[in-house]
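Next up: the structures, one after another.
Both complexes shown next keep chain A, but they swap its partner, so chain B is in the first and chain C is in the second.
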Partner chain A sequence: MSALLFKGAGFTYPGAPSPALRDCVLHADAGSITWLTGALGAGTSTALLLAAGLAPRHTGGERTGTVLTLGVDPALPSSGAALGGRVALVLPSPATQLSGIAETVFQEVAFAPANLGWPRARITARVSDALTALAISHLANREPGTLSGGEMQRAVIASMLVLEPDLWLLDEPTSALDTAGRALVHALLRREAVRGAAVVVASEDTDGLHQVADRLVVFADGCPVLDGPPQEVLRGERVWEAGAASTAIAGLARAAGNAAPRPLTVDEGVARWAR
Partner chain B sequence: MGTMKPLLMEGVHFAFGNASVLEGVSLEMDAGAGVALLGANGAGKTTLTRLAMALLHPDQGRVITAGEPTAGRSPEDLASAVGYLFQHPEAQLFARTVRAEVGFGPERLGWATDRIGEAVDGVLLELGLSTLADHHPYDLPQPTRRLVAFAAALVARPQLLVLDEPTAGLDRAARARVADVVLARRASGTAVLAVTHDLGFAAAVLDRAIVLAGRCIAQQLPLTELLGDHPDFPAPPLLELARRLGLEGVRPAAAVLAPLLTSHPKTGTLEA
Partner chain C sequence: MSPDPGPHVGRFHPFTPLVLTLCVAVLAVAAPGPKTAAALYTTTVVAVFLGGVGRAALRALIPLAPLWFFLFLLHGVLGDGDQVVILGLSLSREGLAAAVTQACRLGAIATASLTLYASFSPARFVDAVADRGWSFSTAYLVVATLLALPRFRARALAIIDAQRSRGLRLRGSPLNRVRAIGPVTFPLLLGALAEVDERGYALETRCASGVVHRTPLDPPLDRVGDRAIRWLAGAGAVAVLLWRVFG
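Up next is the complex of A and B:
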């Protein structure tokens, strides 16, 4: 069973003239990093909201077709009991995801486990592990609202990691992170996949993710149009036709008039162009 | 006006309560300068940009923005001189249409209606937002909202543009537009101070690096000297490629590099 399954899924935001997602067929499997990308408005963020059940529950609007998240329709009122604590959603603006009532980063990360009624010793151990994994142990006693953008992004990811979710849904999770932070989150996503979680990440960070993700799904106009190993998809022309981006080196090769398959990395670029 | 520095900081100290963030920061920016403000998460980059536009005020030292000390002034007082793009700009959007949103600043500055219309249309065209002029900002995808906020920062043609993660979450087309606009504004004399973790963007459109670490400016040097010379700031792919191909000193942007490669004989299939 796929951890995430869309069959003919569609979604229209309230009042929008056209659907944000249409007839979308998509799956994401446990143990694997599935990377979604596409031009602005292609539908990757909407797909994550649909998978998390926030669309249409919080956004309003109309969903069509089938969405199964860990085997459950996340739009059903009863899905909370089945999915609570098992699905981690990381949104692009971390400030919107702080609880607003925790006095310290430690409490913020402990918030969900405490709500789920975990024993104290387990909470303490897991929170410490999560803070260490995101390299923010030194911020444990800081007030969450005083964190920088990148620190907040790490804290939000830690607050999800602590639950050991079965499904990760991440929208631009490294947008505010420095180089070290991006590498750390990419390594963390790999560890989570190895642990058995399904990881779905929507990102425009092609140069960061092309050697991390197992599978790349390119969206255009509200549905997936390309699906395959990043190393194959990104060498081709169709990713550009879809309005998405390949790596900087592939973009350079394209600008220079080189036909596909194109180089993706600096080493490959040097091999092609060095005299 | 001609010799006025868009931004000058002298011995700036700043703390949030007991937590010291900046200690003795001094810097200056000339017209047309392009500065990447770099540093680890939590180094004080956003705080420094907020000091530049009078959202915060130094505990010690002076901040002089567009020739005037920020002491005793608020961001509104600087609105004609500084354009600011927040890290999460959805918080700065409030009007009912994109056109009204972008026109709000000039309106507050007392511009004539015709002049506002012309400036708004111009900047929307520049950023590829013309067809969205009558949309509600909140109906737009988040990255597009960032572009709307960027348009609002640009519209009054400020002397100083302060951009906090300007390319975060943007797609290829939008990133290219932002890069083109930054280069064009710099060429016309606007100084640009950008907090960014997108080192490829920085290398393509900016030329100086200021690195914050340990609450002060740890390094201030040409950006290309820093990139690749420090583990936290690896050379972005196009810069590294240019170096390895012996194209030192060429601006690492696809549009600049590509013509140098097309003439090359070895453009066949990729070597295994």
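Up next is the complex of A and C:
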């Protein structure tokens, strides 16, 4: 069974003239990283909100079709009990995802497990592990509001990792991170997939994610139009036609008039152009 | 992993300063005349300095000073009744008494409230509420309300800086200042609304809704002294209130 399943799913925000998501068919399996990308407004962020149940429960609006998150319809008011702590959602702006009541990063990361009523010893152990995994143990006693954007983003991801979720929904999770931070998060997502979690990432971090993701789904105008292995999809022309982008090297090759399949990395580019 | 509780008042159980502030407000309202009101204000200020948050008492003077001036003007200078000459000014004796009473009442309430605000630890308060098994959503509402002001202020300063860097003139003529209201206010309000949405999403996914029993991470000690202070202050406030109403 897929951890996430969309069957003809659509969604229209309140007052919006047209749907943000239409007739969307999508699945994400446990143990794999599914990467969603597309042009601005293509619907990838909306798909994550729908999967988390925040749309339409919090956003308002109208959903059509079927959405099953870990086998449960997340739009149902009763889904909170079934999905609580099992679905991790990371949004692009780390500052707005802080709890607002924690005085230290440790308390921030412990916020969700404490809400779930975990025993203190378990919380302490899991928080320490999560801080170590994100390489922010040294920030445990810092006030969350004083962290840099990158540190804050790591703390937010740690505050989800602590739950050991079955499904990760990440929207531009590396937007505030430097190269080392991005590599660390990519490695973390791979470890989570190996652990058995389903990982769904909506991102334009093409250069980083194409080496990590198992599947790439390209959205255009509110629905998936391409679906396949990233190494395959990104080399072609259709990803560009869909309004999305491939890697910087593939973009360079395209601008230089090279036909598909195009190189994706510097090494591949050198190998191609050195011939 | 708890932060330093800070000044002496921060070492109390979180409910103690809250109860004391409420009691000060009740006693201030019930204070019958200038002497009792002045005694209450003096006691509050001394207690605040002893609690290590004297700065809160000084900060309270900023909003209090203009209020005190208008009370003096309204009751002392423009008041009726017996007149008394002080420093060459002819002032109403009864008006002065009323002005002192009101000024001390306001002073006590403002000083106690700002002290509570200055010493408030959101995490300790939430832990204290969780330790009692009380409603997390109510505790969060209290904390979020108290923390809204500094967050709003920080956002306003960031917007002012951003707009000034784009050439907005905030100083100078009154017309300049009026023109600046829109470019500062609208982004502030729209940003706040967007933040409320995103914070709501984040809290939902972090299991903050429907919390059955939250684990207190570091429950604050509720010592005998804390409990005694709360009971004595509460009983005193109720007694004074009853005396004023029925006595």
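Criterion: the second predicted complex is superposed on the first by the 274 of 275 C-alpha atoms of A that agree within 3 Å, B and C clash if a C-alpha of one lies under 4 Å from a C-alpha of the other, contacts with A are read in each partner's own complex, and residues count from 1 in each chain.
Everything below uses one rule, namely that contacts are C-beta pairs under 8 Å (C-beta built on N, C-alpha and C of every residue); 3 or more make two chains touch, one makes a residue touch a chain.
For clarity, every value in this text was computed on a predicted model and none was experimentally measured.
Of the two partner chains placed around the shared chain by superposition, neither chain B nor chain C is touched by A:G208.
Once chain A of one complex is fitted onto chain A of the other, the partner contacts of A:A81 are limited to chain C, with no touch recorded for chain B. After overlaying the two complexes on the shared chain, residue contacts for A:L177 are found with chain B alone; chain C is out of touch. In the overlay built on the shared chain, the residue A:G243 is in contact with chain B alone; chain C does not reach it. When the two structures are aligned on the shared chain, A:S93 is found in touch with chain B and with chain C. Once the two complexes are overlaid on the shared chain, A:A274 sits against chain B while remaining clear of chain C.
Note on chain A: of its two partners chain C and chain B, the one contacting more of its residues is B. Of the two partner chains placed by superposition, A:G61 touches none, neither chain B nor chain C.
When both complexes are overlaid on chain A, the residue A:R120 reaches chain C alone and has no touch with chain B. In the superposition on chain A, A:N258 makes contact with chain B only, while chain C stays out of contact range. Across the two superposed structures, the residue set of chain A contacted by chain B and also by chain C is 93. Listing the residues of chain C that touch chain A in their complex gives 1-3, 121-123, 126, 130, 136, 140, 143-144, 147, 151, 194-195, 197-217. Chain A meets chain B in the complex at residues 13, 15-16, 38-41, 45, 92-93, 95, 139, 146-151, 153-154, 172, 175-182, 204, 207, 243-245, 247-249, 251-253, 255-258, 261-263, 265-266, 268-275. Against chain C, the residues of chain A that register as touching in their complex are 49, 52, 54, 58-59, 80-81, 84-85, 87-89, 91, 93, 96-104, 106-107, 110-120, 123-124, 140-141, 143, 159-160.
By the touch rule above, chain B contacts chain A in their complex via residues 16, 19, 39-43, 45-46, 87-88, 90, 139, 141-144, 164-165, 168-175, 197, 199-200, 232-234, 236-238, 240-241, 244-245, 254-255, 257-259, 261-262, 264, 266-267, 269-271.
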